[in-house]
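Shared between the two complexes below is chain A, which has chain B as its partner in the first and chain C in the second.
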Partner chain A sequence: MCADPDTLSSFWWMTCYLTTGKHLGLYWAFGTVLLLLAITAPAALMFGFGGAMAARSNFLPLQWFGKAYMSIVRGVPDIAFFLFFVIALDQAFEWTRHKVLCPDWDQPIRQGNDFVVCDAAKLPLSTAPQYIHEIYGFALAVLTFAIVFGAFAASVLYGGMRAVPRGQIETAEAYGMSHRQSFRRILVPQMWVYALPGLSNLWMVLIKATPLLFLLGVPDIVYWAKELGGTKTPQFTSFPHGDWRMWYFLFLLVFYLAFTKVSEVVLDRLMKRLTHGQATTGGEAQRRAQV
Partner chain B sequence: MTCWETINAYAFRAIGFGERQLPSTDFTLCQQFTLIGSGMIWNIYFGLISLLTGFFLATLLALGKGSENPVIRKPSEWFIFVFRGSPLFIQFFFGYFLFLSLKSQYSFFDPFTSAWLGAAVVLFLNTSAYSAEIFYGALQAIPRGDVDAADAYGLAGWKRFRRIIWPTSLRLAWPAYTNEAIFLFHSTTLVFFSGFPASQQMGDALYYASYFADKTFNPFIPYPILAMYFILMTLTIIGIFGIVNLRLNRHLPNDRRGRMKFRMQVIR
Partner chain C sequence: MKNLLLTTTALAFAGCMAMAQDVVRMGTEGAYPPYNFINDAGEVDGFERELGDELCKRAELSCEWVTNEWDSIIPNLVSGNYDVIIAGMSITDERDQVIDFTQNYYPPTASAFVAASDDVDVTTGTISAQVSTIQAGYIAGTGATLLEFANPDETIAAVRNGEADAVFADYDYLLPVVEASGGELVFVGERIPLGGGVGMGIRETDTALRDKFDAGITAMKADGTLNELLKKWFGDQAPQY
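Then we have the complex of A and B:
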């Protein structure tokens, strides 16, 4: 039906146009974004938890490491970290593999402006199929996001842990719990309600950071919007059109607005449920409202 | 080339003065420091211009959001929602392509497709929305007693706003606004990665840092240099805003002064 677009009415033309193979690529890219969010959010939370625990540690170097990790993102633009980590991680992996796999390689790895590792250490291997390259690129992006957002999460969770009233820990100690037990049974379950406002803020920020995937070389929605929106001449496509990039980006803008709005509503509900019965101002207000 | 010559050649390269050709082989530390520092001119320009202009629009928007008249309130709320709810990166792209299609209709929009104006406009609107939310919160937090006292003194309307409400809200908003300024400066690095072209390789600090990282395939030198510049700038902002904070609080006893606490509000 879509074979001869010239004969179609504008509605059918649009329908056919929006279901071309490349547009399916765009829709697929929305899946990529959601997948990134689904993997990065828990990963960042884990990194953050590790960072917060390190910052609370009694072992001084570990404490410094945790504090340094939390503060890296304060003074420096995060996008610089994105651009940095993507190359740095890639090189770190290849360097490690090179040391392990090719121990008898005698040339230096950095030769002037080149980074040379033996063939076996390349990531992904040059013989690997295309999809492996894509997965590797995506995995690097996920790791980068997790490191950067882990730093944010660490500082939120650290604040959450510090906000748990001191008396709670003291009570746990009075009951004879060890340091570890009181951490696991008292501190961690209670810190979430204090950390949640920060974490929901972080989730919003994470959503809004997903277009930066484009900078990391993953074909995401920004890439497709640029690609599909550009002027198309009749020579190359049966659906010629002018420069529509503006409309594509307007669509992305609306998509993100809807996404953040929905998240906001859901997180508000979650917050209400979690504050229920807590010894915080919010919990107290809820109790008063019920009476 | 000695380092002094390099500085002479490239210190103002980002705005089109000096050596035209960027270094392409045998990169020295000095070149990287000079060029990335030169790129900072753009970051400072974008940050300053949008901060200064955004301040006024933000004040209007905050008043608008607090207004009881829905004809004023609704548009302000929507403006703030649109710019705070969507990624700045997408806003840049959309702005650029919007200006591009407007340009083909009206020649008035010619300069808007270049970064110095177009990106500045997008940043101005963006920071206005973020600051407006901060100012709105501060306006809501003004102690009832202050307003009552103003009423008792017979202040009303513009005078009451100018003498009591505005200074108080500014004082309350200042720590958060400092934070906003810091992250505004950070987000200026997005400009040249989001559609707006860098003509004749005149770009910002991150543009040059990624140029060096691409050429040398070594991210461990240019990005830390960039980080150093930005940390310096962050400290400068904190210093300047701290002075203003002192002035805003100068009538208060020491223990009631608003403390500068830095929360992250991070990327847009």
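Then we have the complex of A and C:
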């Protein structure tokens, strides 16, 4: 039926149009974006936690490392990270594999502008099907997002840890808890309430940063909106149309707004639960309301 | 036993090497009809798709098509994410310093201006062009104001919504757009020949691959198949070899 769209009524034309292989690419990209968020958020939180712990460490080099990670990564523009860091990361992987897998290669790796490694060291192998390449690009994206957002999360968590009242730790110590025990039992459970406002900001920024995926060769929703919305001349498609980018971007706008709204509601609830019983103004207000 | 194992590994390794040689990743933009675009099914299509597939068949290579943003298409080639750029890229001295080109498979082209009305002065107005193209380079050297966009479609949209007075791009890209616009868009000014024709971009170290494709293009020019393809995609007035 969809083979000859010119003869269709507008409803069926639209149905056929919205189910072309190209549109399936768009729908698929929504999944990609959600998956990216689902993996990146916990990964970034882990990086952040590690960074904050390192920055608080008594071991000086580790402390320097944690602080350097926070300040350097936060200072570099995201786009620079995504353009240069990722290519450098990819080349670093390939360089390592090249040294291990092709020890008797006699040509230099850098030849003028070219980066040449042996075929076995290519990542992914050039014989690999395209979906492997996309998964690899996706993994690189997750890693890069986690490093970048991890630095911001580290700084937020570091602040959260410092905000826990000193008296709490002192009491823990008075009970005879070791440094590690008081960290795990007292500090960590209490810091979330101070860190959550900062973390929820980060989550919102992360949601909106996902179009950077395209820089890594993974088609994302903004790429598809641009591609599908652009003017299509009858010679090259069965579904010619004018400049529909506005409609596609309007749809994206609604998607992003709805998504951030849902996040806001969920984070609000989480905040309420975390505040419960805490020695903060929010916790005090909850206590008074209950009395 | 150990020997046998070693031989098998060596064989498997050799097999892998041979296979690795055979797959060529073709990088294109997918936004520049008739040269290359994404068709309704979501696949790369167009003149260069057919040409590339034919060249790969003749050279007995299996080709995999990938799309990449125009702006980063050369950096991704030299860092090895794909092996060939086949994206309507004109051969210029500037690009030739970074990558190698095959001989051209489309003769040196004329670029043209398209505007919403006849009375636009293309030497002084605001002209849109795609970033890092020979057209953008040319406009930067004239008295006109250059307005750059990431993809070709946006350069045209800028003229439609009045952001730019005219767009400067390959004549072949503009022709179907003007025809489909129903008089809304018109060619203005003179056509300007730019560049040394369109060729495939290949890493400078990949001379063997370049020679293979070069030989294929020579053969296709000789037996007339390239001319047929040009006619099919660019119409009867398409340039011929």
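Some observations on this one:
In the analysis below, the second predicted complex is superposed on the first by the 284 of 291 C-alpha atoms of A that agree within 3 Å, B and C clash if a C-alpha of one lies under 4 Å from a C-alpha of the other, contacts with A are read in each partner's own complex, and residues count from 1 in each chain.
The rule is simple: a contact is a pair of C-beta atoms (placed from the backbone, for glycine too) under 8 Å apart; a residue touches a chain by one contact, two chains touch by 3 or more.
Here the structure is a predicted model, which means the values were calculated and not measured.
In the three-chain model built by superposing on chain A, chain B clashes with chain C. When the shared chain is aligned, chain B and chain C each come close enough to touch A:L83.
When both complexes are overlaid on chain A, the residue A:Y256 reaches chain B alone and has no touch with chain C. When the two structures are aligned on the shared chain, A:E94 is found in touch with chain C, with no touch to chain B.
Touch criterion not met for A:L60: it reaches neither chain B nor chain C.
Contacts of A:Q111 after superposition: chain C is touched, whereas chain B is not reached.
In the superposed model, A:V222 makes contact with chain B only, not with chain C.
By the touch criterion defined above, A:M246 lies against chain B but remains apart from chain C after alignment on the C-alpha atoms of chain A.
In the superposition on chain A, A:A289 makes contact with neither chain B nor chain C. Once chain A of one complex is fitted onto chain A of the other, the partner contacts of A:L24 are limited to chain C, with no touch recorded for chain B. Overlaid on A, the two complexes show chain B and chain C touching the same residues of chain A, namely 83, 87, 91, 113-115, 214-215, 226, 243, 245. In the complex of the two chains, the chain B residues touching chain A come out as 25, 27, 81-82, 85-91, 93-94, 97-98, 100-101, 186-187, 189-190, 193, 206, 209-210, 213, 215-220, 223, 226-227, 230-231, 234-235, 262, 264-268.
Residue ranges on chain C touching chain A, taken from their complex, read 13, 16-17, 19-25, 30-31, 33-34, 37-43, 45-46, 64, 66-69, 72, 75-76, 78-81, 83, 98-99, 151, 153-154, 156-157, 160, 176-177, 179-180, 203-205.
Chain A meets chain B in the complex at residues 73-80, 83-84, 87-88, 91, 110, 113-115, 152, 155, 201-202, 205, 207-212, 214-215, 222, 225-226, 229, 243, 245-246, 249-250, 252-253, 256-257, 260-261.
Of all the residues in chain A, the ones that touch chain C in their complex are 20-22, 24-25, 83, 87, 90-91, 94, 111-117, 119-120, 122, 125-127, 129-130, 133, 214-215, 217, 219, 226-227, 230-231, 233-240, 243, 245.
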